[in-house]
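Worksheet for the structure shown next.
Letters A, B, C, D, E, F, G, H, I, J, K and L mark the chains as written, and numbering starts fresh at 1 in each.
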Amino acid sequence: MNLLGKREPGIYGSKTLQEINDTLQLDAENLGVELRCFQSNHEGALIDAVQAAMGECDGLLINPGGFTHTSVALRDAISGVAIPTVEVHLSNVHARESFRHHSYIAPIAVGQISGFGAESYRLGLLALIRHLQQGKSE
Amino acid sequence: MNLLGKREPGIYGSKTLQEINDTLQLDAENLGVELRCFQSNHEGALIDAVQAAMGECDGLLINPGGFTHTSVALRDAISGVAIPTVEVHLSNVHARESFRHHSYIAPIAVGQISGFGAESYRLGLLALIRHLQQGKSE
Amino acid sequence: MNLLGKREPGIYGSKTLQEINDTLQLDAENLGVELRCFQSNHEGALIDAVQAAMGECDGLLINPGGFTHTSVALRDAISGVAIPTVEVHLSNVHARESFRHHSYIAPIAVGQISGFGAESYRLGLLALIRHLQQGKSE
Amino acid sequence: MNLLGKREPGIYGSKTLQEINDTLQLDAENLGVELRCFQSNHEGALIDAVQAAMGECDGLLINPGGFTHTSVALRDAISGVAIPTVEVHLSNVHARESFRHHSYIAPIAVGQISGFGAESYRLGLLALIRHLQQGKSE
Amino acid sequence: MNLLGKREPGIYGSKTLQEINDTLQLDAENLGVELRCFQSNHEGALIDAVQAAMGECDGLLINPGGFTHTSVALRDAISGVAIPTVEVHLSNVHARESFRHHSYIAPIAVGQISGFGAESYRLGLLALIRHLQQGKSE
Amino acid sequence: MNLLGKREPGIYGSKTLQEINDTLQLDAENLGVELRCFQSNHEGALIDAVQAAMGECDGLLINPGGFTHTSVALRDAISGVAIPTVEVHLSNVHARESFRHHSYIAPIAVGQISGFGAESYRLGLLALIRHLQQGKSE
Amino acid sequence: MNLLGKREPGIYGSKTLQEINDTLQLDAENLGVELRCFQSNHEGALIDAVQAAMGECDGLLINPGGFTHTSVALRDAISGVAIPTVEVHLSNVHARESFRHHSYIAPIAVGQISGFGAESYRLGLLALIRHLQQGKSE
Amino acid sequence: MNLLGKREPGIYGSKTLQEINDTLQLDAENLGVELRCFQSNHEGALIDAVQAAMGECDGLLINPGGFTHTSVALRDAISGVAIPTVEVHLSNVHARESFRHHSYIAPIAVGQISGFGAESYRLGLLALIRHLQQGKSE
Amino acid sequence: MNLLGKREPGIYGSKTLQEINDTLQLDAENLGVELRCFQSNHEGALIDAVQAAMGECDGLLINPGGFTHTSVALRDAISGVAIPTVEVHLSNVHARESFRHHSYIAPIAVGQISGFGAESYRLGLLALIRHLQQGKSE
Amino acid sequence: MNLLGKREPGIYGSKTLQEINDTLQLDAENLGVELRCFQSNHEGALIDAVQAAMGECDGLLINPGGFTHTSVALRDAISGVAIPTVEVHLSNVHARESFRHHSYIAPIAVGQISGFGAESYRLGLLALIRHLQQGKSE
Amino acid sequence: MNLLGKREPGIYGSKTLQEINDTLQLDAENLGVELRCFQSNHEGALIDAVQAAMGECDGLLINPGGFTHTSVALRDAISGVAIPTVEVHLSNVHARESFRHHSYIAPIAVGQISGFGAESYRLGLLALIRHLQQGKSE
Amino acid sequence: MNLLGKREPGIYGSKTLQEINDTLQLDAENLGVELRCFQSNHEGALIDAVQAAMGECDGLLINPGGFTHTSVALRDAISGVAIPTVEVHLSNVHARESFRHHSYIAPIAVGQISGFGAESYRLGLLALIRHLQQGKSE
């Protein structure tokens, strides 16, 4: 995701990942929560990060990118740590190639938000926090 | 949807549709937008309402319920009026029966939000308004 | 269903819907139960009727006709009111076109009876009453 | 269909439904037949109309729109009244999304005409009349 | 089927096969028909029994159990003797694993009844007798 | 197609191909257009003819017969010459074997007409001419 | 297969299994080979017979009936004894229900003959003998 | 088929097409029937030959080769002339690639024989003649 | 399975079933458990044996052979007696034909072991005993 | 392929088939090999040419066009002559309609090259020659 | 896999990966073999380890976790080093989601063991050693 | 890929990856272009490398190995940097297991070359350079 802003703005919007992270940090401050950002092209590094979150984080906000549709290992990691997770996508995955309609992550997540560009992250953060505040089990 | 709050709270959460509407109206006021609520069990009535929105509304926030997965007619109506539409679901449709994973509406919507109970509507309203403010074409 | 008796007697038998209703009313009287009949070509009207039955009826006897195979909304309505439901069909749906072999209603019903013409209704009424009398949860 | 002419002219052509109806009425007069027009977004209302046509009409000219691909109930209604039916589509359904390639109506219709815009209706009327004149059973 | 009553009462109900047979015999007496019961775990023995019924029995009431979904040979036997057959199931097969939704027997049977526990047999007997009395060909 | 009239009149109607051609020539004269007829059992000959039409013909009226469902080469030829094409069928292909429901030609044609016997050709000619007169791009 | 001649002569022809066996015995004598006939409705008995043929028979002529389409065990038995096998069918299985188009036996047989009624057996015997005479490995 | 004998003898056997034809002619003489042989790599030429056989031949013996699995046009030609047809294959098509398991021809043929090398033709000729002699309609 | 050792040693290994049974009996003695061996080509006999094991055996070690992939009845029998079951295969079923990749038994078994020849049985016995000793519910 | 250069240059590039052939002849001369060009819209003519190449050519360079996806007969011809074959495509078939992703030819070819316009032919010629020079069996 | 023991003990059992490794080391000592343990969430690291094993290890015991169902690269690595491999799973993959029923590894492994919790590893080690001792090629 | 030359020479040819790289460097020098080689078993490292190429390289020559068939993330990376990419394979993927027939990369690449062993790389380099020289957009 580290080319965001440069690549295919028609599909992914024009904000860079850094701008999204900065906006999310601001939102997090306003909402009184601590936010840690992590990005990697390595599925294994994402799994490591998910596992490292156990006991450290109350919730996960994840844009699994291409791994959404292919990674059973990432699904098992999230399912294994049992931390409430919200899945977000910049683009509307349901309006793209059919192989993007299926998510291995969504069935074990609290919910999924897709299609609102950088706003997907902000909505996802809001959704995650409200979910945790309501102590509403999935 | 008019039995919300009574039926299957494990799946759909415990808020009634009226409570959701009231909360949405409050949100709308705070966000400075006008909101009209419509509910029907009749696919045809929903289509009529969508068509009546043409020239009247800037955006559509829709929970198509069971019609999500079966109604080409509703899709064609939304596609026909060309009003930016956000699809929301109370439950996480991707974690339920496989026939709920496919949406006829999502491919022609701005985006889809599912799984956050009554919050799905609030997030959807927020998403729709921000989408319209940014004049960001889908 | 309001053309019953006139149309395709080879498939649906020669009794009219009125005759079936009359026979069912007689059966109901003999069995000491109250029976209300409702017929509509409108999926939405059927959903309204199902929801109106909540708190009013102990059981539902339904021939969903063509909606059997296409209506998730009707399924959700029946599932939502949580009233024991018996699904009946005049013709043997399993012996007809393959798209008639799948029912959205059957998986959430007590059971399914198909193929006995007007008798399907009478058997269904009997099945429903016995199910309710035995307080046997599905 | 009541937004025809306003919506998506690229797909559906630029004539309004009223213009199409007027043209069809003219054609009907020239061909010496009586034509009744009916339009609804309600599947149930279409089914009611089909059933009401029994004993009243010699043929049916129908553009089932989105119901083409989803309505077993409409199919059963047409099959039930056993009136020769011609299915027409403004757009070329075979050149659009794959879910539009299948029709529940076509297998029980005399024939199908698609892709000629408003002309599809006129060709369909002509086809229906000639079919009836030749007393050619399907 | 000879473990009925002991095994998985949640799925199959708590009546033993003997109790069901006794109840059916009583029903048969009341209805003035003769009933012969046969049970086997052997597909071939069931086929032998079906063939032996030719010229001996007016109707067949069968719960094909697991063979419902796998036995073309049983289907061919029933189809070969051309005796009107009613298929019954204790559990609601349409609410269980997807491989139980398809029946090789149902398409050549008069009809199918499933989901009413031991009552499925009684309803099936009633259905069969009424079918035979009406001389109603399938 | 050169056995038309002799073979399977139940499916294809009783007119011979020559009679259809004659009628079409008459129609063409009345409509003020020139019509050339070509028939072959050879897919390659049909492709040759399509390519030879480039620069010679304003439109193509084609009944691809069995090649409808199997010939990518014919599709590519029509697509290559970019001449507006109308696909017609004597029988209602949508009411026959499922392998006849898919057409390789229709997605690149202006439209498809099927089910009206010899009239399919006449309607197709009319459709093609009106399409060309309106200069309406597909 | 022991009802042959009585059941469904339209599909299976009118010769009884005994007549077929007699004819085959005559053919075998004329061809100078010894023939043993075995029939059972029990898949297990057929498997036993196949295994008993090892070291006893040079070839197998089998009409697996309904087991053709469902029995991996029979396939494994034939494959296990490694005796050249010819599969025959009275009816043309490729012209019947689609589940009859697939054979578990054919891929491990020398060849398959279907559709010629009682002649299928005679042709199969001839084919088997010629195959064995030519010592032609499959 | 004109390379038979040279190519892939492991699959197709070592007899040339000419040898097969000669053997068939001998068989035909012995059986008192007249046989005409035709071979072409051109699907259209095969279709022409089938159509030319109408009124000339009492039966067709055909090895459709690769066209077996792809040619709807050839199927329609055979179906159109309504001459009893026997389909033969040198190799056991059911033991080869899965795309060879389906035949467009078999469902409209009297029967199919595959897997016996050159003998398939001889068996097919025998099968065809016996079929014609018995005047047994398929 | 009673041809083991003779047939297809490349696939199934060279030990006879008797040798496997003897080895298993030795293993059982060493492990201090009683072992009963049963073999049949009859699905019904296997089902009878499974049902007879209820109340007699603490665990089942089964190589369902070809029935693995086809027998719902065997699955229902094992599921009905609710005895912990271990499924073993001599060959690696996942490396053979695709129809061998699916097992009706595995989803209701404790586990599955395949591919180790005669050792599969020994490993299965060990696995079953350890499972029972740990009182580990599946 | 004889309209190349005129049709759809966006997909197929702007060189004519003649220009491609000329370039290929030049390449062949430079590489010291003899090249014969053949083009036909007739599948049968292509098969004839393939068979005629046996004993005449050391390798085949083929662009099967639409036949790539539909012709088992062409595959069998190439497989029959056993001449090393390279399959080329002007356009990137994997980026076009899904029915173009499958090739009947590729599995029996040395390799496949697609997407480089006229260069695909040149690369294919180079690939073929190097393959032949290395005597590298596929 | 490094969260084993903490996560989802219902599915994966309660032993930690370290305990499993310790037990395996003990088993290895008792069996007189050397064992090296490696764990990573990184598919690439697993592939590196597999390749590093070439010339170093006589066998591989692998629990590919989520990569079982998605990694062609891991399969190719194992296939490339050609070291006998045994695939093990803690849980019974055949009793879980359908996407876990398929393994890319099993078809190229000696065998597969699943469902016995930590014992799966011990059984797998035993199976691997016996396989290597018998020098039994897969 | 770093075991090339040692593993499975029958499938992948006998050249080592280093030899291929050396040959490619020579080709690159002769063609006047600069070439950088990168190899990794880590999908993430490949993605990093693709992204690092943005602004640095004019084209990408990639053999995605097993990731070809499974990596949406790699596809998205290549699509994101929008650098013309040529996909090459040592073996003919279309002649191997069916899961190798689909490529996630090919639809967004310029073209694909497979089956020519080490020559695939050289042809791919040539194809890429010519593509870049012609400034021909895909």
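To be clear about the criterion, a contact is a pair of C-beta atoms (placed from the backbone, for glycine too) under 8 Å apart; a residue touches a chain by one contact, two chains touch by 3 or more.
Note that the coordinates shown come from a computational prediction; the quantities given were computed from them, not determined experimentally.
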| item | value |
| --- | --- |
| Contact-graph distance - origin chain G, target chain K | 2 |
| Type of chain G:chain I copy interface by residue overlap (half), same or different | different |
| Rotational angle, Cα trace of chain E fitted to chain H, multiple of 5° | 120 |
| Cα-centroid distance, chain F relative to chain L, in whole angstrom | 45 |
| Mean-CA-position distance for chain H and chain G (Å) | 22 |
| Overlap residues in chain L, where contacts from two or more other chains coincide | 42-45, 70 |
| Set of all touching chain pairs, with the criterion as stated earlier | A-B, A-K, A-L, B-C, B-D, C-D, C-E, D-F, E-G, E-I, F-H, F-J, G-H, G-I, H-J, I-K, J-L, K-L |
| Chain L - residues contacting chain J, complex | 13, 92, 94-95, 101-103, 106-117, 119-120, 123, 126-127, 130-131, 136, 138 |
| Complex contact set, residues of chain G against chain I | 42-45, 47-48, 51, 54, 70-77, 79-82, 104 |
| Chain D residues touching chain B - in the complex, by the definition given at the top | 2-3, 6-8, 40-45, 65-70, 99-100 |
